[in-house]
Amino acid sequence: MIDQLFGFLSFYIPEVISILLMTTLLVAESSVKDEHAPRTKIHVYTQVVLGIVLITLFQNLGEKPVQIFHNAVTIDPFSTLMKIIMVIGTMGAVFISHSSKDIYSNLKSEFSIMAVGVLIGGMLLASANNMLTFYLGIETLSILSYVMSSLKREDASSTEAGMKYALYGGLSAGIALFGISHLYGVFGSIQFNDIVGQVAGLQGTDLAITLVASVLFFVGVGYKISVFPFHMWTPDVYQGSPIPVTAFFGIVPKMAGLAALVRISFVFLSAGSALTVSWVGLILVIAAMTMTVGNVTAIGQSSVKRMLAFSSIGHVGLMILGVVVMNEAGVKAILFYGLVYMFMTLIAFYITSHLSDMYGSDSYDVFRGLVYKHPVMAIIMAGVLFSLAGIPPFSGFVAKFNIFAVVIEQKHYGIAIVAAINSVIALYYYMKLAKTMIFGQASGEEKVVGFTSLNQAVIIALFIPVLFLGIFWESAMTMAGNAAIFIK
Amino acid sequence: MEYTVGNIAPIILSPVIAFVINAFFGSKLPRKGDWLATLSIFISFIFSARVFGDFVFGNFATDYFIHKTFTWFDLSYGANIWKVDMGIYIDNMTAIMLTMVSGVAFLIHLFSTWYMDHDEKHGRFFTFLPLFTSAMLGMVISDNLFSLFCFWEIMGFCSYSLIGIYVKKEKAGDASLKAFMTTRVGDVFLLLGIVALWMTLGSVAYVDIYAAIAEGKFAGQTVMGISLATFTALCIFLGAMGKSAQFPLHVWLPDAMMGPTPGSALIHAATMVTAGVWISLRMYPLMVLGDITWFIAVIGAITAFGAATVAMVQTDIKAVLAYSTLSQLGYMIIGVGVGSYNAAFMHVITHAVFKACLFLSAGSIIHSVHEQEMPKLGGLRKYMPYTHFAMMACTLAIAGIPFFSGFVSKDRILGDALYFGFMAGQNPLLAIVPILGFAGAGLTAFYMFRMMFLTFYGENRMGHHDSHGDHHGHGDHHGHEIHHEHLDARQNVPLLILSVFTLGVWFAGSLTGQGIVKVFGSKTEWFKILVEAPKVERFVNHPRESFGSTDARVKAELPKAVYVHQTGYAGPNPDEHKIHSAHVIGAILSIIIAFTGVFIAFLMYIKKSINPLASKFPGFTTTLENKYYFDNFYIDVIIKKGLLGLNRFLSWFDMGIFDRFAVDGWAAVNRVLFKASKWFDNVVVDAIGVDGTGVAVNLFNLVLRIVQSGKIQFYFIMLIVVLASYIWTVNI
Amino acid sequence: MNGILNWILWLPVIGMVGVILTPKAKEHTIKMVTLVTTSITLLLSVLLYLKFDTTTADMQFVTKIPWISQFHINYFIGIDGITMLMAFLNALLFFICTLSSWTVTKNLKAYFALLLMLQSTVFGVFFALDFFLFYVYWEVMLLPMFFLIGIWGGENREYAAIKFFLYTFFGSIFMLVGIIALYYASGKGVDSFNILALQGGKFVNEQVVIFGKTFSFETIFFWFMFLGFAIKVPVFPFHTWLPHAHVQAPTAVSVILAGVLLKMGTYGFLRIAFPIFPQAAVNASTIIAVLGLISVIYGAFCAMAQDDVKKLVAYSSVSHMGFVMLGLAAMTTQGMNGAVLQMFNHGTSTAMMFLMIGVLYERSHHRWIVKPDGSKGYGGLATKLPKYTTIFIIGMFASLGLPGLSGFISEALIFLGIYQKFTTITVIAVVGLLIGAAYLLWMFKRMFFGEVNPEIEEYEDMNAREVFYMIPLCIAVIVFGIFPSPLLNVMKASVGQLVDLLSKY
Amino acid sequence: MMSLVSYLIISLILFIVGLVVIIARKNIVAILLGIELILNAAALNFVAYSRYVTNNLDGHVFSLFIIVIAAAESAIGLAIVIRFFQIKETIHIDEATQLRN
C-alpha cells in the first residue's frame, strides 16, 4: 500500500517539489527581519527550484501516460506540457514581481508564495482525472488568485478587484459544483474514466439532466479562462491587480483552465452523442462571441493593461476553437498556441510594467517614441504586437495558422471567417500601440530605469522563441503532437 | 531596282539618326546641327527619288505594288500563332507621296536654317523636325494600319513639341495641349477601328483588308449593332478628321500656328495634316463598303466653306493661311467623299507645294519685318520682290486660276462633286456639297487676294498704328524701318523652287510617254494614269513577300499603264458622259467664280470702292472673328464645366464619401460596437441601476429590484441569464 | 546553377545584416553597403535573364527543401517567364531607389535596412512556389512597408501606413483561409501547398457549406483570393488606400509601391487565382473586366481633378493597373501578354514619374500644381530645368502610351485582347486613353510652360547622380517601346500555357 | 417517507435562494452567505445521490471537501471584505464600482 503510494509519488515529483517550495518559502519569509529588505535571495531560490520543477517535468514528458492515486490524477504528456507552460509563466511572473514597483517590497515573497500556490492548483487542475480533483484544482487556483489580485492592501481598486473576483469566482464555482453534483447522480461516479464509457448510452431524463448539468459544469472552467458570458470580471480584475499579477493571471489560470476544458470535453464528447452536438455548437457560439467581444472592446481602451486583458480574451476565443474539433490536431494547436501566447504575454507585460513603473501610468502615451530611447525594446515590443496580431514571420502567425487549419479541416468555414475578421480588428489596436511607439515623438530623452541590461537580456531571451517558433516550428509541433490525451 | 532593306531603310532612318544625334549632342555641334538635319532629309529625298523614278518612269502598270514585311514581334505559343508584322507597301501613290514629303521637307529645312538662325530654340527645332519627317515618311510607306498608327502618333508628338516650342508663352502651352488632345480624340477611335479590323480579319495590312473586302469577309459582321464595315470606316475616318482638322475637330489647327513658321509650313500645311486624307484614300474601299462616303463629303464641304468664311476676316497672315489650309483640306476630303480619288490625292500634292511656299513666304515676311498683322503691312512688293513673286504664284494656284496647279486638282474635285451632288441620283440634300464647294472656291480666291493686296500692295503702313489691327496687340512695331531684303539663298531658293512647281510640271501630260501636253485639266495628265482607287479583287491571295526575297513579278512582264477614268473603285463607270459634262461645267464654273472672287478683293482693297465686310455685317463678322464660337464652346462648356466638373465631383466623392464611409467604414463599425458595449455598461447598468427610471421599470418590477444593485451583481445576472439561455438552447 | 535564385533572394538579407552591423555614425558606409548589395542583385538578375530558357513554360532555377514536413510545407522557389520579368524589374527599381534615397538623413541606418528587407521579401513573393511560403512573404512584405511609410512619410503618414497595412491584411487573411481550405481540399498530400500542383482546375466539383448555405468551392475561394489580390492591385472599390499611401510615402517607397508591389496583385491572379480556379475565373471574367474598366475611367477622372501632382500620378496608377485587369479578364493571348507587358512597362514608366516628382520635391518641398490658395505651384520649369524637362517628357509620354515608348504596345495588345471578348467595354475603355493623355498633358502644361515662376528661380537642374539613375529607366522605356520582343519572348511561353488552360473552360 | 426527489427539490430551492440572495442583497457579507447556500445545495445533492442512487462513498467524501473549501473560501472572502470596509468605510456593494472603462 505505502510502497504503491511512493511509486505513485515518483510520477508526482514536480507537484511535490512545488509544495515543498511553497512551504519553505513561508518559513523563509517569516524569518525575514527587516520587512522592507529586498527579497533577492528568496526570488533566486524560487527561480532555481522552479527550474528544477521544470527539469523534472521535461523528464516526465518522455514517460507514457499513467493514472495515479486511484485514478484521481492522470500524468500524460498533454498535462505535462501544460504544466511546463505554467511553470515558465510563473517563473516569468516572479521575475517581474522582483523589479516591479506594483508589488510592495514587503509583499514580494508573498507574491512568490501565492504564485507557487496557484501554480500547484493549476497543475492539479491540468491533470485532474475526476470531479473532485477538478474541483480542488479550481478552488486552489481561485482562492489564492483572490488574494493575489488584492495584494495591494491599501489600494482601493486592488481590493475591489479582489472582492469582485472572490464573489464572481465563488458563485461560478458554486454553480459548477451544483452541476457536478447532478452529474455524479447521473453517472454514479466522479471518475472521468467511468463517465467516458457511459456518455454514449445516455437517454431520457438522464440525458436531459446531463445536458443541463454539463452546462453548469462548464461555468467553472468558463470563468477561469474567461470566455464570453463569464468574462466580465476579467477587465476589472486585470486592471485592479498589480501588473505582475495581471501577467500571471494572463497565463497560468488560463492554461490550467484550457487544460481542464480540453480534458472534460474529451471526457464528455469523445463519444459522439447528443451531448457532442450541443457542446460543439455551444463552444462555437462561445468562441465567436468571445473573440468579437474581446477584440472589439480592446479597440477603445486607453490603458495598455486593459487592452492586453481584452486581447487575451480574444486569444482565448481563438484557442478554444481547438476544442471544437475534438482531435489530436486540435490539442496540438492549442498547446502550440498556449506556448507561444505565454512568451508573447510575458514580454508585453514586462515592457508595460517597466514603463508604468517609470511613469506611474500604463496609458498609450508612456509608449510614445519608445524607439528613440530604447530601439531594441521598442522593436521587440512591436514584434510581439505583430506576433499577437498573427503576422509572419512571428510565431503568433503559426499558432493562428494551426487553429485555422484544424477549424477548416472540420469545414467550419463560418467560424473561420469570423476569426479572420477578428484578426483584422485585432491588428488594428495592436498596430495603434506599435504606431505610438515607433512613429510618435518622445516627449523627453530620459532612459527608462527599468530596462537594466539584465532585464533587457531576459526580454531578448524571451523574444527568441517568439521569432524562432515562427520559422522553425516543426520540432515544437512534434512535441505538442506527442502530447496525447490519456483517459481510459 | 530591288526593294531591299538597304534601299528603303535610309528613307526613314537617316532623319532618325539626325534626330538622335541632335537630341543628345546637338548643343555641341556647330550651328546646333541644323546642317545635319537638312543633310539627312536630303539623303532620304535621294532614296525616295529613286523609288519615284523606278515607279513613275518605269512604266509600271497603275496597280503595280511592292509589299514586303518583317516580323516585329511574335506571340505564338504552341497551337495558336499570332505575330505582328511590319513592312512596306509601295505603289505609285506611295512613290509620289514619298518624294513630295521628302522634297518639301528638304526645302523647308533649308529655309529654316535661315529662318531659325539666332533663335533660342534653334537646336530643339532641328531635333524634332527630322523626327517628324521620318515619321511622316514612315506613315506613308508603312504597309498596315498598325504601324501607320504608330507613326501617326509620333507625328502628333512632334507637332505637340513644335507648337509648344516657345515654352515661355502660356499660349504656346495651351495651343500644343489643344492640338494634341483634339487629334487624340480622333486617334483613340482610329485605334479602336484598327483593333476591330485586326481582331475580325486577323490582319490590318492594306492588302489583307482589300482582299477581305473582295472576299466579302465583312458580310454579316457587326459591332454593337452596327455593321463592321460602317463601324470601322467611321472610326478610321474620325481619326482622319482629327489629324486633318475636319469640322468639328478643326479647332486645333489655327492655334497650331504658335510654332515657328517653317514648322507650321511643314507639319500643319504641307504634310501631317494630309495624313487624314492619306488614310481615307488608303481605306477608300472600306469607306465605300461602309457607305459613309456621303458623310465624308458633307464634312469636307462644311469644313471647306466654313473655314473659308472665317479666313475672310483674319488679319494675321498666318491665321489666314491656317484657315485656308483648313478649307483646302476640306476640298481633299470632299474629293474622297465624292469619289474623285486621284484628284483628291493630286490636291494633296499640289496643295502641299503651294501651301508650303505660302507659309515660307509669310515666314520670310515676318522674319524680315517682324510683323504679321496684315493691316500694319502693305506695299512690301518693292521691298521683297522674290517673296512677292513666289507668293503670288502660289496665291494664283490656290485660288484656282487656270495654268496653275491648284486649278487642275481642285477643279476636278469640284467637277466630281457636281456630278455627285446633282447627277448621280443621290439624296438631293447632298447638293449642298457642290454648292458649298463652289462657294468656298470663290471665297478662297477672295481672301487669298485680300491677303496679297493688304500685304504687298497699297501704301506701306508700317510704323504707324492702324485702328483695325490694334486689338491683336502685337508688342511694339515702331522703328522697324523697311529695308530691302538682303538676298539670302537659303531664304529665297526654296521659295522659287516651290513656286516653280505650282505650274508647268502638272500639265506635262503623260510623262509616261503617251499623250501630249494638254491644258484645262485634260484627261491624260500623267498623274491620273499613275493613281487610281485600288481594285480590291486583285489582292485576293497574292503571295506574301518578306525582305530578302526577290519581287514576285519582273517589270518586263508588266503591261503599260493605260488610263481608265473612273469614280469610286468599282470598275468603269456607266454614265461616263455625264461625268465628263460635269467636269466641263465644273471647270467653267470654278474659273468664273475664282475670277469673281479676285475681282471683289481687288475692288475692296485696291480700288477701295467697296468697304470691307466688317462695316456691312458687324454681327456676322464678329461671329466669324470668334470662329463661330467653337473654341468657347469646347473649352468653357465641355471641358471646364463638363469634364473638370465631373472630375472634381468624382475625386471629392472618392476621398470624401467613398473613402470616408465605405472604406473607413469598418473602423467606424468597430468604434460603434465599442461604444455600444460601453453604453451597455454605463447606460444600461447605471441608468437602470442608479435611477430607477428606464424602460425596465414598467417591464418587470422584480427584474428592476434585482438589477438595482450595482455592477458586480449585474454581472451575476448576465451570467445567469446567459446560462439559462444556453441550457434552453442545449435542451432543444 | 539554381544557386543564382537563392542568391538573389537572400543577398538583400545579407546586405541588411551588414547595414545593421555598421555603426550608425558611418552613414556613407551604410549607403555604400546598400548600393553594392542592390547592384550585385541587379547584375545577378541580368545573369538570370541571360541564362533563362525562353522555350519552355516550366519553372526554372527550382530549389525545393522540406521545411515543415507535417504540413508538407517546402522552401520551394523557382521562376518562369512572368516572374523573370518581375524579378528584373524589382532588382532594377531597388538599385535605382538606393541611389535616389541618397539624400535621406533621418534614421538612415534603419531606412536602408528596411529597404533591403523589403527587396528580399518582394523577391520572395515572386519566387515562392509553395503556397505557405508565398503567404509568409506576402505578409512579411507589409512590415517594412508599414515602417517605411510610417517613419519617413509625409505629415499624414501614420494614417496612410495603418490604412495600407490593414487594407492589405484584410485581403490576405481571407487568402489564408483559402490557402488552408485548398490544403485540405487537395487531400493534405505531399503537394497540397505546392502552387503548381494545385493548378489546373482540380476543384471544379467541390462544394462548401458556409453559414448553412452550399456554394461551389471554386467560386467561394476564387473570390477570397480575388479579395486578397484585388486590394493589392488595386481594383476599383478597393483602391482608396493607394492615394494616401503614395502621397505620404517617401519617393523611393512610392516608386517601389507603384513599380513592384502593385504588380504582386496582378501576379497573384496570373499565378494563383486563375490557374487554380479556372472555371470560377472564366465565370468571373466579366465582373473583373467591368471592375477593370471602372478603375481605368474612374482613376483617370479622379487623376484629372488632382492639384497634388503625386496624387495625380497615384490615381494614374489606378487607371493603368485597370488596363492590366482588362487584359487579364480577356484571357486571350494578346490580352494576357499585353497585361504582363503592361505590368513591366507601368513599372518603369510610373517609377520614372515618381522619381521625377521626388527630384522636384527635393527642390520645392511641395507638390502643388495649383496651391490651395489658387496660385501656381510651379510654372516655367521647362525654361529653368531643361534636363529635367526632357526626362520628364519621356516618362510622361511613356505612361500616356505614345508609340515608340513602352506604354503603347502593352495597351494596344490589351485592347486587341479585350476586344475579342468584350467589345462594348473596349469601346468605353478608349475614353480612358483619352483622359489619360488629358490629365498628364494638362499637368505638364501647368507646371512646365509659361513665364518662370519666381519661386522656382533658384532651383538647380538635375545633378549627375539624379541623371545617372534616370538613364536606365529612359533606356528601358525607349528600347522596349521599339523592340518589345526581349520581354515578350521571355513571357510568352508561360502566358501561353495559362491561356491554353483557361481556354478549356 | 423522504425520497430522492424531495432532497433534490430542497437543494434546488437552496440553490435558487442562494442566487436570489446573491443578486438582490446589497450587503457583501450577505452575498458571501448566498454563495455558501449554493455550495450547501451542492453538498446536499452529493449526499442524497450517494445515499439513494450510487451506493458508494464518493458523494460523502466530496461533500466533506466542499465544507472545508467553503470555509476557506468564505475566510478569504471575509478578509477581503474587511479590507474593503477599512478603505471604503462600508460594505455596500454599490460602492464597488470604481473599476470600469
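All chains are identified by letter, namely A, B, C and D, in their written order; residue positions are counted from 1 within each chain.
Just so it is clear, a contact is a pair of C-beta atoms (placed from the backbone, for glycine too) under 8 Å apart; a residue touches a chain by one contact, two chains touch by 3 or more.
Here the structure is a predicted model, which is why all the values come from computation and not from measurement.
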Using the touch rule from the top, work out which pair, A-D or A-B, shares more C-beta pairs.
A-D
Just give me the whole-number Å value for how far the CA centre of chain A lies from that of chain D.
26
What is the distance, in whole Å, between the centres of chain A and chain B, each centre taken as the mean of its C-alpha atoms?
78
Distance between chain A and chain C based on Cα centroids, please, to the nearest Å.
44
Taking each chain's centre as the mean of its CA atoms, chain C sits from chain D at a distance in Å of 66
Touching two or more other chains, which residues of chain C qualify?
170
Shared-contact residues (touching 2 or more other chains) in chain B
666, 678, 712, 716
For chain A, what residues touch not just one other chain but two or more?
164, 167, 171, 175, 297, 300, 424, 428
Show me, using the given definition of touch, all chain pairs that touch one another.
A-B, A-C, A-D, B-C, B-D
Flag every residue of chain B that touches chain C in the complex, lowest number first.
72-80, 82, 146, 149-154, 157, 160, 164, 167-170, 172-174, 176-177, 180-181, 184-185, 188-189, 191-192, 195-196, 198-199, 223-224, 643-644, 646-648, 650-652, 654-655, 658-659, 662-663, 666
Touching residues on chain A, where the partner in the complex is chain B
164, 167-168, 171-172, 175, 208, 211-212, 215-216, 219, 228-230, 232-233, 278, 281-282, 292-293, 296-297, 299-300, 424-425, 428
Contact footprint of chain D on chain A as seen in their complex
131-132, 135-136, 139, 142-143, 146-147, 150, 153-154, 156-157, 159-164, 166-167, 170-171, 173-175, 177-178, 180-182, 184-185, 188-190, 235-236, 239-240, 297, 300-301, 306
Within their complex, state which residues of chain D touch chain A.
11, 15, 18, 22, 28, 31-32, 35, 38-39, 41-43, 45-46, 48-50, 53-54, 56, 58-59, 61-62, 65-66, 69, 72-73, 76-77, 79-81, 83-84, 87-88, 96, 98-101
Contact footprint of chain A on chain B as seen in their complex
666-667, 670-671, 673-675, 677-678, 712, 715-716, 718-719, 722-723, 726-727, 729-731
